[in-house]
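In the two assemblies presented below, subunit A is common to both, partnered first by subunit B and then by subunit C.
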Partner chain A sequence: MKLLLVPALVVLAVFAAALASLFRWSLLEFIPGSLQTGGLTLANFRGVLAPQYLGAIQDTVVLSALTTVLTLVCAYPVAYALARTPSRRVRSVLLVLTLAPFFTGAIVRTYAWVLVLGNTVVSWPVPMLFTERGVLVGLVHFSMPTMILILAAALSHIDPIYERAAASLGASPARVFRRVTLPLSMPGIMSGGLIVFAWTLSAFPTPELLGGGKVKMIANVVKDLGLDSFNWPGAAAFAMLALALTLALLTAVGRLSTARAS
Partner chain B sequence: MRPRIVVTVLVALLILPLLGVPARAQNALVVSTWGGNWKDTVEKVIGKAFTAKTGIPVEYEVGGTIDRLAKARVAKGNPLVDLTFTTTHVARLYISDGLYEKLDMAKLPHAREIAREALRSDYHVGSWAYVYTIAYRPDLVKEDITKWSDLWKPSLKGKIAMPDFDPSHIITIAALMEGGNEINWQKGESRLRQLKDSVAAFFSTDAQSQDLMKTGQGPVQVMLSVNAYHLQEQGIAVKVVQPTDYPGVVGIDTMAVMAGTKKADAAHQFINLALSREIQSELVKALRAGPVHPGAVVPANLRGQPGIFLSAAEWKERGYIMNDEARAKNLPGWREWFTANIVKK
Partner chain C sequence: MIFRLAVVGLVAFMTLPTVVVIAVSFNPTAILSFPPAGFSLRWYENVLTYPQFQRAAVNSLLVTGGAVALALPVGTFAALALERGRLRGRHVWAAVLLSPVVVPGVAAGLGFLILAAALGLLRSRSVLIAAHVALILPFVVRSVWVSVRNLDPALERAAASLGATPWRAFRRVTLPLLRPGLFAGLLFAIVVSLNEFVVSLFISNRVTEILPVAMFNYVVNYTDPTIAALSSLFIAATFVAVWLADRYLDLGRVFLRH
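Up next is the complex of A and B:
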């Protein structure tokens, strides 16, 4: 049986080695115009604390939080309908519509949004493409299917008898939702929110294409430093900083959800 | 039995991916280049002629500029490819890391015929040239754009797109306008800042640049001439400007032999063939890039166009050639300054 652990240990060792290598790179001196690196230094960490890099981290956290909240608001009604509709046909249609985006790649979906947000299909009263608003729309759309499925699973586990009992005691539909359905679906909301928040923190193609170079999230900055400036030590330092921040945020959100659930 | 099955499955899982690695012909020359049209052209124009002449098959390793650089670095000393195409300033990074072999000029007789500016170093030699210049859609921009300084016109506010992965071109042009150059580029800083509000979007790939032009999201661009000609071929009305105040910034793609290759002779033969007048004439037609051989035959519709240099003198007269080393060294600093002052909201 212990042998069954081998694949997991191999994967763990590979990831640990990669992280160790990343950490080592982050401590090497960057020499512009050369692939050679100098001695050990902390200068890379000082460098990535410049306002434009910290700004990218702030933008990433804000966009991730907004994406999580908006995705939740948009996904909840769909998930509710999916879990509670008595019609098998409606459920099938909703399921197909929910899953359809999974069958198109992230790049294809994002390019479609470039056309929609860029005044070629619709005339927008405010600029959408190459702004944070446009990136937010793309991120929410990208996260919707996952959030819907997680919420629908959570809602389907709530016995409708509780809602019927509350209604029979005189609670209005809004009160039933606020006092019964919503609290009982909280585990789904927390896990869905955590997943969406976590993967939005590492979003790359959506801000890259919909941001038009003007909206930079953490992954875009790592790519800029590593692949465009050839500053691999700087990219490694920024990635380490972002990783530490991400872990701290996820730990905090995880603890919050545990406290809420208990 | 159970542990034996598990071990068998694990071994199979480890071996299976190896079976998927494409086998390379033993005597094949492996050429590293960009994908898409670039690889197709190298294969069609140079590779086939090389195989016909020498009997040596050619295989291709395609990828982005930096992906291939990263691979080359990992395989240092035992290269996976024998010959590499890349831009001239990125070639400096290969050289700095000892990834290129010094060219044996005795094996490159055609190198004596090419423009002096195409001989980039003892390690790499130009294969073709182009310019970064202004390209625009006359159907979306009603006024004529004829010079670099036109980009600063208030009427172009929110219409310009430019590369952020490499802002060298516009930084150098702004410096030239203020009496500087790529070495003392700071002279153009305040002029560059005035351009900030005019930029609609930044692009980081050739594909994004072309998409911005096609969709009209970035109808005025600091654009690679080859991409602009490619759009023209697709029926998009794009005008490529030969600026009258300062020249376009020349880009040179180069070839080099990888250090440690066992097929250095074949690689030299490949490079020599690519520099020949005949192959250079074919490359001009296929890529719509400028030849490095001044004697190459250039189709009438391309003569005099930006990036197409017909004589050694034209390289200097109609294009600005940046210092490769200065560019490679300054690029990280330029990007940082550009991001902080132009890209950032």
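Up next is the complex of A and C:
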């Protein structure tokens, strides 16, 4: 039975080899105008902190934080309705409408927002397309299905009897929510928030299309350096940064859930 | 009441882009307008006759077909080993198997690009297939593992005690019982692979690019509603798939109480 794991490990070895090549190239010296590289160097990582990229790193962190908070606020009511509705039909409609974008793929969803944000019919009070605001709308929409699923799973584990008990003791609905439901759903909020934050840190198609080259996040810098400037070592250093940030955050999620379990 | 309005509003926010894409896809003019000024199928015609989309559609079929055909058995074997293999540190193995999903697309994409260049495989679809197998494997393992966990080993022992060979017991008892997990894994694998974009962008060229990459390149270069038509076709296919999955698998059960 153990041997059945071998084919999967071969697949993972290929994946690991790709990441190992990435790591190796992040330490090789870039020779402009050539795909040949020089010797080992840390210059690429110093390049990550160069002034022209600090804006992208700052934008990435700010946009990810805002996306996380807005997604939590917007996903919570839908997740609550999903977890508590007694009707199977309502649940199905909610699930299909909120999950379908999850399945339609990044390009279709992002292009749809290009149409909405760049339309000439309803004029937005402020410019939306190719601005941070527009990218934020796209990122929130992109993160919603994941967050809804995580929160709905957490909420469906809370026995409604606690809420009824608080209400029968005279708590107003707002107070029941603040003192009972919200604290009990905290594990879902924490893991959902961290997962969305980690995902958004390496978001690519949304800032690429909705930012139109004016808004850059870390992943867009990787693509610019790697595919447009053929500076693979520089791009690799940025990609390592994205990888390290994501892994650090997801390790925190793991820590959190084991701490809760014990 | 306010709560209901909020939920309806948020679901509308989730669905708005889909509705706009479908409406725009029937727009008769190349200048995007909403609501549409009339009804036309010319962009659908454009999708079907644009040579680059035809080539990309064939590439998508080849890459997704190849990747799914490899990942489904590999993932199923892995799920069986995880549950039945008496592995030490099973959770570590599970975490390793599921790890490709958490790696940022640009990191995996650039890594595969560098690896492919080193191996001289830049013009080949095999790199795309290898990357897709790794990216969809976690979804197959997860889906099938749930089914393996719910499988009662007594049923296979019963088959064996009635004289079935291990292979026959696997084929006649184990596989049919794993069907829901296999079906869910297959569905996830197809949907994820067909929509994979970031990694594929790094490792494909005009000849090998799959549909999402071709769509991205079209959006970057042109502004007519052709992509709206192609997107609508994608959305329609996805809705049918999600609806079927909900109907036969009860998605609520799959997602809310794993």
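The rule is short, and it goes like this: the second predicted complex is superposed on the first by the 218 of 262 C-alpha atoms of A that agree within 3 Å, B and C clash if a C-alpha of one lies under 4 Å from a C-alpha of the other, contacts with A are read in each partner's own complex, and residues count from 1 in each chain.
The definition used in the following text is that a contact is a pair of C-beta atoms (placed from the backbone, for glycine too) under 8 Å apart; a residue touches a chain by one contact, two chains touch by 3 or more.
Since we're looking at a predicted model, the values are computed, not measured.
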Residue contacts on subunit A - larger count, subunit B or subunit C: C
Contacts of A:F142 with subunit B and subunit C, given as first, second, both or neither: neither
Partner chain(s) touched by A:G105 [first = subunit B, second = subunit C, both, neither]: second
Touching partner for A:W25 - first (subunit B), second (subunit C), both, neither: second
Partner chain in contact with A:Q52 - subunit B first, subunit C second, else both or neither: first
First (subunit B), second (subunit C), both or neither touched by A:V114: both
Subunit B versus subunit C as contact partner of A:C74, first or second or both or neither: second
Touching partner for A:F197 - first (subunit B), second (subunit C), both, neither: neither
Touching both subunit B and subunit C, residues of subunit A: 3-4, 7, 35, 111, 114-115, 118, 120, 209, 226-227
Subunit A-touching residues of subunit B, taken from the complex the two chains share: 3, 6-7, 10, 13, 64, 66, 69, 73, 92-94, 96-97, 161, 164-166, 200-204, 208, 211, 215-217, 325, 328-333, 335-336, 339-340, 343-345
Footprint of subunit C on subunit A - complex, ascending: 1-5, 7-8, 11-12, 14-15, 17-22, 25, 35, 74-75, 77-78, 80-83, 88, 91-92, 94-101, 103-109, 111-116, 118-121, 141, 144-145, 149, 152-153, 156, 198, 201-202, 204-205, 209, 218-219, 222-223, 226-227, 232, 235-236, 238-240, 242-243, 246-247, 250
Subunit A residues touching subunit B - in the complex, by the definition given at the top: 3-4, 6-7, 30, 32-36, 50-52, 55, 111, 114-115, 118, 120, 129-130, 208-209, 212-214, 216, 224, 226-231, 234
Subunit C residues within the subunit A interface of the complex: 3, 6-7, 10-11, 13-18, 20-21, 24, 32-35, 70-71, 73-75, 77-78, 80-82, 84-87, 93, 96-97, 99-100, 102-108, 110-115, 117-118, 130-131, 133-134, 137, 141, 191, 194-195, 197-198, 201-202, 212, 215-216, 219-220, 227-228, 231, 234-235, 238-239, 241-243, 246, 251-252, 255-258
